[in-house]
Amino acid sequence: MFIKFITTGGTIDKIYFDDLSQFEVGESRMQHILAEGLVTFEFDVVPLMHKDSLEIDDADRRKLRDYISGDDATRYVITHGTDTMPVTAEALSDLKGKTIVLTGSLTPARFRTTDAIFNVGMAVATAQVAAPGVYIAMSGQVFEAGAVQKNRAENRFEPIDRN
Amino acid sequence: MFIKFITTGGTIDKIYFDDLSQFEVGESRMQHILAEGLVTFEFDVVPLMHKDSLEIDDADRRKLRDYISGDDATRYVITHGTDTMPVTAEALSDLKGKTIVLTGSLTPARFRTTDAIFNVGMAVATAQVAAPGVYIAMSGQVFEAGAVQKNRAENRFEPIDRN
Amino acid sequence: MFIKFITTGGTIDKIYFDDLSQFEVGESRMQHILAEGLVTFEFDVVPLMHKDSLEIDDADRRKLRDYISGDDATRYVITHGTDTMPVTAEALSDLKGKTIVLTGSLTPARFRTTDAIFNVGMAVATAQVAAPGVYIAMSGQVFEAGAVQKNRAENRFEPIDRN
Amino acid sequence: MFIKFITTGGTIDKIYFDDLSQFEVGESRMQHILAEGLVTFEFDVVPLMHKDSLEIDDADRRKLRDYISGDDATRYVITHGTDTMPVTAEALSDLKGKTIVLTGSLTPARFRTTDAIFNVGMAVATAQVAAPGVYIAMSGQVFEAGAVQKNRAENRFEPIDRN
């Protein structure tokens, strides 16, 4: 079993310097998280971008889509900022024959209390178990691309109400 | 979406008192782990036993099986000590129409570095995404009951070699 | 034994919201840190300001000085942003008959890896053991007010070289 | 400034293997704790024993006393199991011209919530600030050797009531 991890930035990889500095996207925490999970499968981690979710644009999404389209893995976990994660998920949704799971966190992975580790655990399981397609694993749930939104006021992911 | 969590003890819930004390199974950490994962689905946590894996016997497995059989939930996450987790998984494998995922951890959830949170994240996703059946989520992988063993020497879960 | 804790903000109390938010000074972590230290002495925590170190001005320092001057405790631990901590220490240095220790952290207390807990431990011991005076406890060392500076390039506190 | 750290075992260095294993004294966590505290002073860490507090006997205390007596450092932090820490402190109390601080923890340093880091912070400050003598830094307080006991029922250190 092999999973390819692609990191794009976002809250999950935020670091903090000091009073004079901003909170910035740092090196990916993915290897640390996988080490903590004591995983034994094979994997690669590809840091494709270092961006906040709101800075990811259509060109970035094409880059991500082209990367996966031209790559021969079949299981992907993509870490991504939360604000536009649903947009990126939809932009990948016509990729066939691959199980692609986007995740991230509402609190940086470097915090003592963070949803990052739980979320990556969900994403890793979904990449193995789910049928080919594009998913978002956040807020303890696995959503299909196109059927999920971030509720900013409540700071959680939820199904889109289609009424 | 509703998941029922059943806790039975094991390393995941181990606590430590002091020099005079043994390392013992304590209150379940499940609520803490789910709070850290910022989950938004509905759930119950049922503490069915407080035992080390090696103390769980056939009567305990019947008790667990009967509990699930007589319960109307369809998604279960069971935390269990690792040494006999595969035995318990097989004992549940004739239960139909339910997705049951066993997990636990090789390091107590109270440790700063632990696989517990990652593993519960995997189990929660599997309980949502997988077809009805019995699974073990450990070592970064989702295994089917009957096809997995703990390799004690290497301290990991792996597929059974059926050659 | 009684210690009065005064919090003024700074990195030690920084929190993080999400992609759209800034990293801001939050509620003081002091009670959490003291609970983790299993302290048994009596204490009060007084949140006097919520400011980054660079925003603390002479009026703020007078406010802090007046508070302590008019208060009847004899042992103080003050948490403060690091950039101007030496300035504030000097502004308090003519207060007599009290042991006053300033501390803070280079990494927020909410991080999994942080110097905050260690530093507060140093400050608490110094407030008990040191002669009356004003001290800074940072970088594993206890400095006297007026004899210490922050080396921003190296991100540490060090003695002032008076040559 | 130079501090010599001597580790003897105890709860602070306890590790956990798995269901079949006991909770054992592991490698010292001292380097990790000092790294987390971002200390900049010079130090050595000497692992003199690997014992639970209750296993430390008079021969061990002589060994520790002889080591310090024949060593040329002037500041020591000794990590030690909590149950007999006061006994060891008294056994060192005739050593002259050195500031010696014993500390440890009621919860292993590897736990997510532990008093170990706070306690070592207290000990490091005391070793710098206190007059020559032997001290115990636990429960948020700095006690002199001979004037402190562990209250096992309350799981804390407290002054000896000499009435």
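Think of it as A, B, C and D in the order they're written, each chain with its own count starting at 1.
Operating definition for what follows: contacts are C-beta pairs under 8 Å (C-beta built on N, C-alpha and C of every residue); 3 or more make two chains touch, one makes a residue touch a chain.
Remember, predicted model here, so these are calculated numbers, not experimental data.
Peer 1: Which chains are in contact with both chain A and chain C?
Peer 2: Both chain A and chain C are touched by no common chain, going by the contact rule given at the top.
Peer 1: What is the chain whose Cα centre is as far as it gets from that of chain A?
Peer 2: Between chain A and every other chain, the largest centroid distance is to D.
Peer 1: Given a C-alpha superposition of chain A onto chain D, how large is the rotation in degrees, taken in steps of 5?
Peer 2: 180
Peer 1: More than half overlap in residue numbers between the two sides of the chain C-chain D interface, or less? Answer same or different.
Peer 2: Because over half of the interface numbers appear in both copies, chain D and chain C meet with the same residues.
Peer 1: Based only on mean CA positions, could you tell me how far chain B sits from chain C in angstrom?
Peer 2: 44
Peer 1: How many Å are there between the centre of chain C and the centre of chain D, using C-alpha atoms for each centre?
Peer 2: 25
Peer 1: When the centre of a chain is set as the mean of its C-alpha atoms, what distance in Å lies between chain B and chain D?
Peer 2: Measuring from centre to centre gives 38 Å for this pair.
Peer 1: Which chain C residues reach two or more other chains?
Peer 2: 106-107, 112-114
Peer 1: Could you list each pair of chains that touch, in label order?
Peer 2: Applying the touch criterion to every chain pair yields A-B, A-C, B-D, C-D.
Peer 1: Any idea which chain C residues touch chain D in the complex?
Peer 2: 1, 33-34, 36-41, 106-107, 113-115, 117-126, 128-130, 137, 139-142, 156-158
Peer 1: Which residues of chain A touch chain C in the complex?
Peer 2: Of all residues in chain A, those touching chain C are 10-11, 14, 16, 18-20, 22-23, 52-54, 81-83, 106-108, 110-114, 152, 155.
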